[in-house]
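This structure is in structure tokens; I'll ask about it shortly.
Going in written order, the chains are labelled A, B, C, D and E, and every chain counts its residues from 1.
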Amino acid sequence: MDLDTLLSFKWSVMAPEFIILGVATLLSVIDLFMKKESSRTPLAWLAGAGVIGALAAIFMQLDTEVTSILFDTYRLDSFSKAFKILLLLGTLLVLVLASNDKKEDVEENRGEFYYLLLAALLGAMMMASSADLITLFVGLELLSLSSYIMAGLERQNKRSNESAFKYVVSGGIATAITLFGMSYVFGLTGETNLFLIAQTMQDPELLKHSFLLMFAFLITFAGLTFKIAAAPLHMWAPDVYEGAPVPVTAFLSVVSKTAGFVILLRFIIITFIAAPGIDSESLLLEVQPYVMALAAATMIIGNVTALRQRNIKRMFAYSSIAQAGYILVPFVSNSSLLFELIWFYLLAYLFMNIGAFTIIQVLSVQEKSNDISIFRGLFKRSPWLAVPMTFFLLSLAGIPITAGFVGKFGIFMGALGLEPAHYWLAAVMMATTLVSYVYYFNVIAVMFFRDSERTRVSVPRGMAAVLAFCAVSTILLGIMPDLALDFFYGNFDINEFFMNIEAVDTHTHDH
Amino acid sequence: MNAWLLSILIFSPLLGVLVLMFVPSSDEKSIKWLGVLGTLFPLGIALVVLSAFKMGGDELQLTEKFSWISYEVFQSKGQVSYPIFYEIGVNGLSMVLILLTAVVSVLAAIASFSIKQNWKSYFILFFLLEMGMLGVFAAQNLFLFFIFFEITLIPMFFLIGRWGYLEREKAAYSFLIYNGVGSAILLIVFVALFMKTGTMNFQELAYTFSLPQAELNQLFITKGFKMGMLIALLVAFAVKLPVFPLHSWMVRVHVQAPPAIVMIHSGILLKIGAYGVIVFGAGMFPDQFKSLAFVIGLFGVINLLYGAFLALTQTDVKRVLAYSSVSHMGIVLIGLAAGNTSGMTGAVFQVVSHGLISALLFFLIGALYERSGSSELSAFGGVAKRMPILAGVFLAGGLASLGLPGMSGFISEFMAFLGLFEKMPVLAAVGTLGLILTAVYVLRAVLSITFGAEKEMPESRDLSSSERVPAFVLLAAILFIGIYPAWLNDMLRPTLDAILLGLGG
Amino acid sequence: MLQMSWLIPLFPLLSFILLLLFRKSKSESTAWIGVLLTGISLVMSIGVFLAVWQGEGIKTEGTWFQMGERAITMGFEVNPLNALMLVIVSLVSFLVHLYSKGYMHGDDRFPVFFAYLGLFSFAMLGLVLSPNLLQLYMFWELVGLGSFLLIGFYYFKPEAKAAAKKAFVMTRIGDVGLFIGMVLLFWQVGSFEYDEIFASVKNGDLSSGMLTLTALCIFVGAVGKSGQLPLHTWLPDAMEGPTPVSALIHAATMVAAGVYLVAAMYPLFQASEAALTVVAVVGGLTAIFAASIGLMQKDIKRVLAYSTVSQLGYMMLALGASGYVAGIFHLTTHAFFKALLFLAAGSVIHAVHTQNIEEMGGLWKKLRITGPLFLIGALAISGVPLLSGFFSKDEILASTYADGKYGLFWLAVIAAFMTAFYMFRLFFIVFTGEARGETEKGVHESPGVMTFPMIVLGVLAVVAGYLNTTWFGTFLSDYLAQGAVELPHGDHHGPAWIPLVATLAAALGIALAYLIYQRGTLSRDWITRSLPSLSDVIYNKWYIDEGYDQTVVKGTRGLSKLGVLFDRYIVDGLVTAVTTGVQRLGRVGSRVQNGQVQSYGTAAIFGIVILLLIVALTGGYFS
Amino acid sequence: MSAVPLPAYLMLALILFCIGLFGALTKRNAVIVLISIELMLNAVNINLVAFAKYSLNPGLTGQIFSLFTITVAAAEAAVGLAILIALYRNRKTVNVDEMDTMKR
Amino acid sequence: MTGEMIAFFLLALTAITGGVLLINLTNVVHMVVALIFTFIAIAGIYITLSAEFVAVVQVLIYSGAITIIMLFGIMLTRHQEKEKKAPRLKIILTGLTIGLFFLIMYGKIKDLNFGQQNVELHVENTKKIGVELYSHYVIPFELTSVLLLVALIGSIILAKRDDDEKEAKK
């Protein structure tokens, strides 16, 4: 392959990634030359501009056909576009949330945060737009490494240190496990291109090793649950969420989680769609009960343990575990609605969770605490914080006229849509949702039913904007979910996801 | 105008919310009056709707239908879409319930004058609650029904938890979790039905399920599936109704919530359960419903007797009334179990009648509580002396509650039992024991408050003029239905006939 | 005239509404509203009665509401039976209104009392005019309401409160029986109309078991309202109400409604021999049982109350023994003389302000009008010849004998003896001898508004008997024969010795009372001493109330308490168990979260291994 | 063909993986925990390289994959160590089981 | 038994021994040193698998770079040299779980054989790898450079001494 061939690829489709990469580099250089005392807020604006630029680039690509560069190591299809929008949007909101962070001891690391955030975003975006095991892995690690560092950015804060260390150890083990599983997936097929893997999976030779395949699947899957904070690799989340700075927690719980689902979808669906199961059924059908069990366990652990939390960030960590469990449900059901359901739920989740974290941030900065009691009497002190917070909590709990409800409704559609319908999974989800009412409404009760002498809360303008945007979106998507669904259906053809344009025509075994 | 009429009605309480937003929260007086005005407005529109409603005409009227949400699914068969529409309409049954909602809301708003704090947020939530209730009865598909159903949940949670009595928060959670269980089951059932049939519209669903089994098999709808769905629905609505043994939340709410809210709750919200059983249970799965009739009847009788027995020895008048509600909801079940014209009519009449009666009684309890600061029976005595009007209305309400002829309670009890006697005479005969017990506990409660030696109370003024309005309006309505039931009956008949046609009775 | 008869009940209703509006008025002239309006009713009733006497009748109905295919109707019907009842009710009601004007003088809720009277009269007249069972049932309950309100008129008295409640609940028990019977009939016949029910009965559409069942259910209703055994306990307690109320409701009208009901449904009863027998037995037992209690009571009104129960038992006995006319006849005469007795008793109470007969005495001289009137009443009820009671009681005895119910016949005779005894015991203690207690002073005769009604009733108590006599003509039975009911045996002219026996029993009773209470020949506590336990039982009303208290009331309350416990510990307990279970689970979850990152890893590996193990075990790993 | 069979390599990898895992989960010194994770990644590399030679589609890909893995592992070790040092400055400990201020 | 076989066994034995020593030694520095043997042995294994380039990288990065920074880490953190054993129960439980994992995997690995092998891997191994890296895998390769940059910057930020900054602030 010579330079001409390399240059013949349509590199322009990578524009969003290039923009992010460029801005990240620029930021690091600027940061290097900026005076230590000067505020890093301009960096935030620059980073934000970069994200918006990348978003714009993606919107301009909406009509672009499926494009593949270098044997799907980069791939632009509807799936990647749809989910990259989520990632970018999430990062943008986290940026605004962080830019207004007035906590002094973080100030000194402000600059690094921005370009680390962008680097993490870059990794996530690469995960969204690749169909090659190696790229996926490197993207995943880029995201992970940046996250480890971000979690530990508050160097003087013991909790931040500890959370970062826990994160890096858990993450390291998870990476090893994932890779161990992937190594078998790779080994049994000898390919790294997902489509080729899928093709090779149909090889009758592999029928003999269906057990190993199943093991590989389960190990890889379990390893990847680390990113989405689902069982069995969920336990890091509460500690890390608690210790990390709030913007990082928001990032972890939204963008990083979204990226986790992206890689799960990409890797699992494409790779195993044609794989044989142990009893010669489809492997994906055969693993359903196990994934279901994991989803159920995740929902139960997350919701039940959240009941006992007094620390709001920790509570949201468990909540986020539970939410991961919910999103795993359509994944289990293999419904044809899979992509839009997950996409929609993640979109809803993005708004409600970032919105909630914005308020947590405001309050925890003011009160110097993360205890639930910081919400005491919020309705009296600042109704304009209490009301949106209520919407976010209701949405998380899945109560109508919020986006969270429509998302959950969709998940149920997925779970009950195919024959045989997964009634018990739906029942577990509903039962745990009920349990979740208790702790979500507990926060609401604290805001509305308790009184407090504390003073009013002042909200920085940028955060207020994030808040308003998230609240409006949460409600709007709850009332008119078609806004998002039509956008999805109108611009994304999910068949592209399965379209192997590269491998069939041009792949040559050049070794 | 007519095309939008119903939507205007449903969302008309929002106008109140909007107006209240601009009133300073310290301006108690204007907020309270706006609170009443804000409910009068929907009442006015409800009356317009009533006038536009053709009695005994087509089954569904004033319908509206817009495309709302559309999921597109690619299956092997090709593209199948799962559209969700915004579709509303009224038939006789929902018209009656909408009217009841509008009326009771106004009266409850008046009764809310006794609220001591945070009037603004109180009334905003109150309006949202009213919107939810109106929507529940106007909804013509499962999705919309569920949404409005849940919308009623949230304001109620706040209203109980913030403005209730001492153990209000526990009551609020109790309310939330129990009703959450109900709505959780509902959601699963609704989605399951949706995914099997591709529609959420009540009528289309009813039509689909009435298809011959051979066609249904192609949709993977077995008899077992239908039965399972029906049972789940019944359980879900049993929570709301509530049916023994799922009633304890309701008692708690009735005791702890502010009186005006209990008026709404007992008067209307409980009725959603009955409405649901009628529309979904009997309306969509008539065959299965019939085969479950005995169980439903049994639970009806158990409810009736259990509530009555427990009401006998309660020392708190609110608890007496709460258990009395349990008991009276048993009559709804009894009527439904009968599944014949009289039974159905009785059930629906009981829905309306109990709505009015319990609203009246709780209103009076609220007035008494405000004066005495207690709701213990032992705290009262000889109220008739200083407050003859209150005592008189209270007695009248009690008599209505125990089914005195000439009042609405009689018609419903009579019809329900009449129906059940045709189908299950022995069960019905056992049930009539409840009529005696009802008399015992109602008189015990009413008499120990109004009769006997007078006891000291901090305040002993009779009903003020603003308090008389709700009391007399409700009493008049109770008497009107009791004396001239034909009006209500004519309105309900087409709807009930349609359901009865399915039940084959 | 007949077309207007539906207005008859409405005048009292109007009175009720008007008086409620004037409820705060202090003026006692408000009473005239009630008197006037019931007077109009009375006049109309008499007009209607006369028209019916001439053989007319009417039945008009309209749809009340439509129940599916079936129309539930409301309307009114005038037939001989209810025309007679109309007159009785409106007459007694009118007289009681008048009487109350004097009796209630000075009460601060004067208009309310008259309002309640109006409500009651409305309900009673409506009941009588009902052309179908459902309508009857509705008014039946409203009558109960009126009675309840009036018994509890002195609401501040705990006894009145208890009595009102008891009256309502006890009659409600009966009502439920009526309800069941009515509903069962409906599903058998398809209608609540008397006509249609009778037609079906005649056609033999109902099985005999069903006939008996429905008849008995309806009879239970009558038992409740008419204070028959075993639901009679409320009636004596109901004497807590003002005395005119007792005269109106608990002597003349409402309690007679049970008898009326059986009479109105007579074709149904006729079709079931068993039902008739039950009616007769219950009636006969009630007659003697209540009379026995009446022997020992010390409260003037209670004596009269038990007397009423006893007489109602007579009527039931008559109906049960196919003595349709006899029953109605006794109902009529009883209405007059019992109302008279009550009003006279009221007059006495009004004068001496006590109801305890042991504190009275020698009133004959002081109450110059009341005394003789009371004597007339006592003579009439005792069955002294030529007064109304004699004729009607004679007919009952005759028909019982003719029906072959000899045991009941002799029971009735003994009851007659007892009646005479306790009435004259009462008379002698109250009116003769010396004044006892502190009641001498200020005793004066009642005003004219009170004595006038008594005089009217006194006259009627004498002459009403001639409505149906062997000697002058059987006007009443001829008249009733126009009605729907086919009279059973025509008239009963049993053996000629029956009147003699009856007279003898009455004479014996009077004589015995005379000997004990006037002459003192026999010591007063003669019976008490000779049969202490029996007299104790009788004095305590056979311990029926206590028995109910110990069994039914305590049982119900116990069940209720049990229910409360069940509700708290089982129903709520389950919920608590679930919630604590979830919370425990949460605690376990958070304990696992021990902050050790290595434990997290171990847990994860453990999870994965479990998954792999399950796959291995279920997938045939070892094969 | 008498070459070393594929299962032998896989077994070696598995053993090393398990040892690494055990070390990562039980060793108290944080540095050793980090280095144990490196050992696990090494085990994966053995798998990858072995599969590069023996597989349905043997080729260089496995070796390239392992190169990426090595790089990533190195980066991870560096970052992990940096975090550890930051932590050590504040807490003066490298004992993993003392790092449990956040729990429950 | 061919020479390849013997070489494999020796290398494997060394690797595993290193691993076991890692587990069992108490001196932290000794542990790291033990692991150096493992890393080098693994490099040898790579050579038997015709992956010369990877083997070289292995030696450079693992036996060299990583081990050194780990040793530096140990020095920097001035720990007590002796490592205390973890609680027995924890060791047993973890050991059992991992043992089970091993057994399950072992059962299906032991007869995994595709019956073919690539014999040309060692031919121009490094060059071919280079070509592949710079053509086929250029995107992940570049991404890796970002990753390394992030790791570099991140490590510097995190490990930077605070006193410098505090002084700078003053």
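As a working rule, a contact is a pair of C-beta atoms (placed from the backbone, for glycine too) under 8 Å apart; a residue touches a chain by one contact, two chains touch by 3 or more.
Note that the structure is a prediction, hence the values are computed from the model and not measured.
Peer 1: Can you list every chain that touches chain A and also touches chain E?
Peer 2: Looking at chain E and chain A together, the chains touching each of them are C, D.
Peer 1: On the document's contact criterion, could you list the chains that touch chain B and likewise touch chain D?
Peer 2: A, C
Peer 1: What chain sits nearest the middle when you go by CA atom centres?
Peer 2: B
Peer 1: Among the chains in this structure, which pair is joined by the largest number of C-beta pairs in contact?
Peer 2: D-E
Peer 1: Measuring between Cα centroids, what's the chain most distant from chain E?
Peer 2: C
Peer 1: Starting from the mean Cα coordinates of chain C and chain D, work out the distance between those two points in Å.
Peer 2: Centre-to-centre distance between chain C and chain D: 95 Å.
Peer 1: Could you put a whole-Å number on the gap between the CA centroids of chain B and chain E?
Peer 2: 69
Peer 1: Determine the centre-to-centre distance between chain D and chain E, using the mean Cα coordinates as centres, and give it in whole Å.
Peer 2: Spacing between the chain centres: roughly 6 Å.
Peer 1: Can you check how far apart chain A and chain D are, centre to centre, with Cα atoms defining each centre and the answer in Å?
Peer 2: Taking the average C-alpha coordinate of chain A and of chain D, the gap between them is 25 Å.
Peer 1: Of all residues in chain E, which are in touch with two or more distinct other chains?
Peer 2: 90, 94, 98, 101, 104-105, 108-109, 112, 114, 118, 128, 132, 137, 140, 144, 147, 150-151, 154, 157-158, 162 - these are the residues of chain E that touch more than one other chain.
Peer 1: Using the touch definition from the top, which residues of chain D touch two or more other chains?
Peer 2: 20-21, 24-26, 30, 33-34, 50, 55-56, 58-61, 64, 68, 72, 75-76, 79, 82-84, 86, 89, 96-97, 99, 101-104, in rising order.
Peer 1: Which parts of chain C, given as residue numbers and ranges, touch two or more other chains?
Peer 2: Counting only residues that touch two or more other chains, chain C contributes 590, 593, 595, 597-599, 601-602, 605-606, 608, 612, 616, 621.
Peer 1: Throw together a list of every chain pair that touches.
Peer 2: Chains touch in the following pairs: A-B, A-C, A-D, A-E, B-C, C-D, C-E, D-E.
Peer 1: Note which residues of chain B are touching chain C in the complex, please.
Peer 2: Touch residues, chain B against chain C: 244-245, 247-248, 306, 309-310, 312-314, 340-342, 345, 382, 384-385, 388, 399, 404-406, 410, 414-415, 417-418, 421-422, 425, 428-429, 432-433, 435-437, 439-440, 443-444, 447, 450-454, 485-486, 489-490, 493, 497, 500.
Peer 1: Going by the contact rule at the top, pick out the chain A residues touching chain B in the complex.
Peer 2: Answer in residue numbers: 335-337, 340, 379, 394, 399-401, 405-406, 408-410, 412-413, 415-417, 419, 421, 423, 426-427, 430-431, 433-434, 437-438, 441, 445, 448-449, 480-482, 485-486, 489, 495.
Peer 1: In their complex, what parts of chain A are in touch with chain C?
Peer 2: Of all residues in chain A, those touching chain C are 165-166, 169-170, 173-174, 177, 211, 214-215, 218-219, 222, 231-233, 235-236, 238-239, 278-279, 290, 293-294, 297, 300-301, 304-309, 435.
Peer 1: Which residues, counting only chain D, touch chain A once they are in their complex?
Peer 2: On the chain D side, the touching residues are 13, 17, 20-21, 24-25, 30, 33-34, 37, 40-41, 43-44, 47-48, 50-51, 55-62, 64-65, 68-69, 72, 75-76, 79-80, 82-84, 86-87, 89-91, 96, 99, 101-104.
Peer 1: Can you list the residues on chain E that touch chain D in the complex?
Peer 2: Residues 1-2, 4-5, 8, 12, 15-16, 19-20, 22-23, 28, 31-32, 35, 38-39, 42, 45-46, 48-51, 53-54, 57-58, 61-62, 65-66, 69-70, 72-74, 76-77, 79, 83-86, 90-91, 94-95, 98-99, 101-102, 105-106, 109-114, 116-118, 121, 125, 128-129, 132-133, 137, 140, 144, 147-148, 150-152, 154-159, 161-162.
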